[in-house]
Amino acid sequence: VSDSTPLETVTLAASRRTADAALEEAASLGVSVVVAITDAAGELKTLARMDGSPLLSVGVAQDKAWTVSAFGIPTHAWEQLLRDEPSLAALGSGRRLMPVPGGVPLVVADRVVGGIGVSGASSEQDRWIAEAGASAVG
Amino acid sequence: VSDSTPLETVTLAASRRTADAALEEAASLGVSVVVAITDAAGELKTLARMDGSPLLSVGVAQDKAWTVSAFGIPTHAWEQLLRDEPSLAALGSGRRLMPVPGGVPLVVADRVVGGIGVSGASSEQDRWIAEAGASAVG
Amino acid sequence: VSDSTPLETVTLAASRRTADAALEEAASLGVSVVVAITDAAGELKTLARMDGSPLLSVGVAQDKAWTVSAFGIPTHAWEQLLRDEPSLAALGSGRRLMPVPGGVPLVVADRVVGGIGVSGASSEQDRWIAEAGASAVG
Amino acid sequence: VSDSTPLETVTLAASRRTADAALEEAASLGVSVVVAITDAAGELKTLARMDGSPLLSVGVAQDKAWTVSAFGIPTHAWEQLLRDEPSLAALGSGRRLMPVPGGVPLVVADRVVGGIGVSGASSEQDRWIAEAGASAVG
């Protein structure tokens, strides 16, 4: 038994491929978004802000990605959790929990190795774009 | 293709004209408010605090203006957004989102070039005063 | 006279080219760094964190880029300023001023349109890598 | 004997006259600065950011004005104080003390009723501009 254990985390190369796929999807939808990818530790790995995307989205995209890394589920799944159990909102107090669509896990060999967060379009579009990005890894 | 793209942002001259119009409206209503104008990047461009306005309003007016620059819609429009989708409140967590009336976009040639935020009177009056200010540019 | 004035700011395409050039230089030096690019308003436009780069560098690279956007000079020029006038250190108090090598302006048509910040290697290497990135725009 | 005492503080009208005089001086010097005026309580009363002034100066000008309101002496006087007694620097730790030229008291009837802070040009020019502004009240 070793005293250390590996944290499987997305590589820069894979996170950039993720961003490229998301940017391509956003362009095809004709929207301007911010795309952020965090590693398994929740730290920013890649960010790309499209020209004309809202200032607000720079922080929100990062928080969506962090939320995925922090608990391993898509951010839209938090919406249902909070409807079922509103008191869970306290979990996010003073933290960066962002329980709105647009954050999706990056999965390699059944493990969450990071998260992608997208902000700047509608909730539904943010989610599609994030899913398009996430489908580029694995 | 150029490596840079212009972000159109309100001039000092126009932002001072905005403040003057707002202060005049506030005086005609007999209220004391703080008027803040941010540029398209959300940075403070002009501030005027009327004598007797609340201490709390110094920060709130700036946050209303920032909220406009950050997402391009009036702050009172956020009220409806949040009624329809309460989970969107998370977007403001750890940021300066101020989803209450009194913040209005400054628009030049159909572009949002900054925001005006007003605080210190009633919500309705804050909004009127901000709109009076915003009508001075364009 | 218009009520708005353009702030020229780096495009996503140019900022990604900047990042690519910096990453290539880092790879050729055999070091792992974080590369951050901010626009003319100091907001994050692009970030790339190489595998194995220090956690500390995620924030430091962004602060170096911000420092460039905030005052328009390379971060290593602040070192000399502070040697000549130590009291200027107060300018950074409570702000993100990062007066160490590794931040370089992005210049298009003689205007600073953003900044690149690099962190993770030696000060000298951070600066070379940032300069390699900056040379990709213009 | 009353249980309350008046805090004599600069009016909005006088603070705007101060800003106008400072902006005029800056224009005549051909420099772009941020001008901030705080009241006797250190709260922002008036701010004007000239087009093209550095992002860094938005905060620095406010901190210079606050420093004046906070202790009642020009910011350049702090430079001498700190040379004579370096340990005094601790007074500013975690606060907004800005001991560099460009902050000047606003004086009415021998009382400090607020402060003007200027940032964006050379230290010497910042001070001249602040003094030009301060000379408009009293």
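List of remarks:
Chains: A, B, C and D, in written order; residue numbering restarts at 1 for each.
By our rule, a contact is a pair of C-beta atoms (placed from the backbone, for glycine too) under 8 Å apart; a residue touches a chain by one contact, two chains touch by 3 or more.
Bear in mind the structure is a predicted one, so any value in this text is a computation, not a measurement.
Chains touching both subunit A and subunit C: B. When each chain is reduced to the average of its Cα atoms, D sits farthest from subunit A.
Residue numbering at the subunit C/subunit D interface overlaps only partly, since under half of the positions present are found in both copies.
Chains compared, subunit A against subunit B: the Cα-based superposition rotates one onto the other by 90 degrees, nearest 5. Once the centre of each chain is set as its mean CA position, subunit B and subunit C turn out to be 30 Å apart. Centre-to-centre spacing of subunit A and subunit D amounts to 44 Å, using the average Cα coordinate of each chain.
Shared interface positions of subunit D, i.e. residues touching 2 or more other chains, are given as 51, 55.
In terms of which chains touch, the assembly is arranged in some other way, matching none of the line, ring, star or all-to-all patterns. Every pair of chains that touch is listed here: A-B, A-C, B-C, B-D, C-D.
For subunit A in complex with subunit C, the touching residues are 11-12, 16, 39, 41, 43-51, 55, 58.
For subunit D in complex with subunit C, the touching residues are 51, 54-56, 59-60, 63, 79, 82, 92, 96-100, 123. The part of subunit B that touches subunit A in the complex is made up of residues 5, 41-42, 69-72, 85, 87-88, 90-91, 93-95, 97.
Chain contact summary for the complex, subunit C toward subunit B: residues 1-11, 13-14, 39-43, 106, 108-109, 111, 113, 137-138.
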